[in-house]
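Letters are used for the chains, namely A, B, C and D, taken in the order the chains are written, and counting of residues starts over at 1 for each.
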Amino acid sequence: MLVNILIGFGVAFFGFVLQTSVAGVNRKIVARLQKRYGPKWYQEFLDIFKLLSKRATSHGWIFDFGVIMALGGIIATAMFMPITNNIVAFAGYDNFFIFVYLLAVGMLGMAMSASGSGNPFASIGVMRALTTMLAYEVPFMIVVLTIIKLSDSSSLSLIGAFQQSAGNNWFLIALPLGGVVGLISLMGMLGKKPFETYIAPAEIASGPMVEYGGKQLGMLFIMHEITVFIEVSLFVHLFLGGAENIFIFLIKYFLVYTALNLISNVNGRFKIDQVVKFYYKWPLIMAVTQAIIAIYFGWVI
Amino acid sequence: MKQMKLFLGPQHPGMHGNASVHLYVDGDIIKRSFLLPGMLHRGFEKGMERHSWVNNISLIPRVCVVEPDINEMAFAMGTEKLLGIVVPERAHWIRMIILELARLSIHLMAYGGLGGPTGNYTLMYHAHADRNSILDIFEQITGHRVYHQYIVTGGVRKDLPKGIEKDIHTFIDSLESRYEEYRDLGIENPSIVARIKDTIMLPESVVWELGVTGIGMRSAVGKPYDIRKVMPYARYDQVDFEVPTSDYSDARARIDCKLKEVIQSISIIRQCIEKMPLGPVRVPLGRGQSMRWTVPKGYVYSPVESSRGEFGYYMVSNGGTHPWRIGVRGASYPQGLLGIEKYMPGTRLDDAALWVDTMGVCSPEIDR
Amino acid sequence: MTNSMSNVEYLKGVIGQTYKVLETDVIDQYQVSFVVKQDDVLQVLVTLKNAGWIQMSYLSAIDWPDENKFEMVYILMNWERPVHVQVRTKIDRNDPVMPSIITIYPGAKYYERECHEFFGVKFPGNPDYEKQLILELWDDMPPLRKDFDPQAYSDRKFTKREYSEDYKVLSEEPSKKAKRETRKERAESLKGGPKS
Amino acid sequence: MKSTKFTPARKLSKEEVDRKWWEIGDFFRRNSLWMLMYCTGCCAIELPPAMTSAYDMERLGMGPMATPRQADILLISGYLSVKSLRRVIYTYEQMGEPKYVVGLGSCPINGGIYHDSHAVINQLDQYLPVDTYVAGCMPNTESVMNGFVDLMEQIRNKTAKGWVKYQENNEWYKKNQKAALGEVDVHDEFHE
């Protein structure tokens, strides 16, 4: 059991290092898109450690406690994340629904903390974040339930292994409509443009993060990196057939994140009502169509 | 319902320049709003009275930070009217090149500024990269990147450097070749169109009520009301150009007009380089020390077409070495103050920064 | 725009026939200035607006302390007949009151507010002309009046940087000094304009 | 005692440990300077070229930040009117320590071209502790970038102690602020 917990922390730490490096490399790639040279690839690490080295301002105990709760919740979520078929900290407990519920703990912690700061921009940002969550969860859930139905399992590593055993017939290809919905929902989860509405520096001054500085912001950054790791890994396991070994995982992870980042950087930002309308229109229709086609007609490529 | 008070600025990434918009919001809808100007006030009109006419040449470009050349042009034209100077032919053409390059620069900056409120930072980076090439050309011509002090009373400070035509041609060719790319990245981009289409309207009645000029007016009224056309200065009557108009003034139409003006400016620069005669570029303003240079009595209003509309200097001389009074008509004064008070309420909080941006509110010329 | 001189004639006809114009000045083909009496200003503006001068470009005041007057300036623009019109009038400097024109040109609201702030002219009819706009917690006379000295105000309020003696002017010989003095006097004498 | 590999390390005093940590922190801080997007004056127009592809300050790890809590550098870009100064002081006091102030242009140094204006303060370091000045009206982008590199060098040499000065001489700064501004706090009701 203790070994499992240690492996779990190892996974969370691996996720943090991986995502922070990938994000740093991505900053360089995006800089090239914008005709710039870009920062060092380890700039994200410098930023985070710099924030941790600064003095912090507190706005009451809810503010501080919420940050710790968010970080703790996210680390706890990451501990369950399988990396390859074999590297799983708690084998048999890597159920999809565990991630859904545990992710909410982190999000709630952040929402609580941001509201505790008392800044109106933070409350608006939290409200927008929760609304966005409500918007992308519905189509995403429908597609994931279809996958669970098809693969007769809700364990991530088993879903991954199922796709590998089916001759690498990934669900991104097998369920093309669902794959697109998954990608769009992933963009919403990661807060990429055009669904970046709850950060929106030009409208609400970076939304929930408006009052954070110093150590709290550093912790939020760590939390953000691990959250991104969880969400992108979810996508890799659900739609891209998991990974037999760690290199395949790294390649898939990097490609998914970079592709989304590049799409994000040539787009503008929707308004919050446009985000909700968008998700409840095409992705929802596509998800439902996909579910009907796949489950009732059994048409899977 | 309880209204919540929010501040858009002065320290806010959505606000260009140091001004503050106070918003009272109910949910997401703005119920009451007003601009709090004055953070950039530095007593310009008083300062100009305290400097002699010649010294003012170095002071005036600083009125409007982003577009200093129109200030120089308005001031030079005003003093020339008072003094009755005839400017040499070549100086007129050089002035037009400078003004149109400045217009390109500010339009690129404003178009890149669209990237801020809508979140497309790639657009901003590309536009600023091109603007920087214009600044380099300015540095070659005038020796300064931003405040040029190049258009002076009686002409321009010195002739164009040799071979600058080639640089200008290279730049405008490359800009023109990427025009479609800019459109695709900005106003043809579906995620941005969703933000700017059919919102932030500026109907014709509002235009006449507020006194909005420039692109805001032309895109609402649909007529080429451009000072360069209706009361041409320099040699604008000798070049061919169109004034882009529209009669449906949403945010997108305004930005569209702005982009079309870029093409017109490029064509004007080409014609200027082609038609520019040789000759002197400046008439000397009398002998002796420049501090003793006096300007005859008179009242004159000298308007020029800036990128945001009619920009004018009201100049009063009592015949001395110092101006008696200089008033600055900021082009964005009407929409910046009364427009925000009257017509921003009703839009959504998301659009507040976009409203300020697409209406072209420029705080330094409001505060002075 | 070929008939631009006729625009000026048209404008002269519109104003000159009905009102007593104290002084008309045609600056060029695109600009005319009229000096009218204070009581006529609102009527003149209404007439001009009906004649097509629907845009108010600028409103401000000029301080003439020697005559003890403020001169109000209204600049109007008609885009169909492109002529800028200056309408000027002189009002008393000790008790400067000028009726507001926001019923004619609503865009004048903030110009009037600014004018009150910088000159102290009162605009009855404008609901909040007395509020501060640009200055904040101002504690002196309105700053654009001629008898306000910003240098003195700045010296009084803001600390100046003191430089060490190394940066002193080296040419302190008496002959150069005297020359400088005379030059300065001459410049000062010209500053106020020719004495009438 | 002869020092060997196995000699236990000398126990560091608390100050020395603090200093070590501080040096490590300084390494991170100077390589990741976030500046506040507060354009107080006209020198802000040279910041976009510095930020974007021409000079790309992200190479140095610098970037614009949305709120004062997140930022490390307060850029005073150009002249400061009294109205701005009130907001700048308010902003500065919100920033998390360590924090640095960079004054761009001649106006924060001695008033520059607005030395006789009734609305512009003349000397910024009377009211806020300034770490680096960049002279010029307006300073070229090169000099702006150079100013930032200077600030990094100062952080390395532990001379960028403006925020410590502000804490220690707080009364002196407050007195100066009060003398120039009358009332330092910002009230929204000023204009309503």
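One rule holds for everything that comes next: a contact is a pair of C-beta atoms (placed from the backbone, for glycine too) under 8 Å apart; a residue touches a chain by one contact, two chains touch by 3 or more.
Just so we're clear, the structure is a prediction, and the values are computed from it rather than from any experiment.
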Between C-D and A-B, the pair with more C-beta contacts:
A-B
CA centre of chain A versus CA centre of chain C: separation in Å?
61
Averaging C-alpha coordinates per chain, one finds the centres of chain A and chain B separated by a number of Å equal to 44
Distance from chain D to chain C - Cα centre to Cα centre, in angstrom:
40
Centroid from C-alpha atoms only, then distance chain B to chain D, rounded to Å. What do you get?
31
Give the residues of chain C touching no fewer than two other chains, as numbers and ranges.
133, 135-136, 143, 148, 150-151
Contacts with two or more other chains, residues of chain A listed in rising order
34-36, 201, 205-206
The positions of chain D in contact with two or more other chains are 52-53, 66-68, 83, 116-120, 191
Connecting every touching chain pair, does the picture come out as line, ring, star, complete or other?
other
Contact residues on chain D for chain B in the complex?
36-42, 44-46, 48-49, 51-54, 64, 66-68, 79, 81, 83-84, 87, 91, 113-114, 116-120, 137-138, 140-141, 188, 191
How about chain B: which of its residues touch chain D in the complex?
5, 10-13, 16-18, 22, 34, 36, 38-43, 46-47, 50, 58-59, 62, 65-66, 109, 124-125, 128-129, 131-132, 135, 145-147, 364, 367
Can you tell me which positions in chain B touch chain C when the two form their complex?
37-38, 41, 43, 45-47, 49-50, 52, 81, 208-211, 213, 223, 225, 230-232, 289, 291-292, 294, 297-301, 303, 310, 312, 314, 316-322, 324-325, 327, 329, 333-334, 337-338, 367
Sort out for me which residues of chain D touch chain C in the complex.
82-83, 86, 109-111, 115-123, 126, 176, 179-183, 190-192
Quick one: in the complex, what on chain C touches chain D?
131-133, 135-137, 139-140, 143, 148, 150-151, 153-154, 157-161
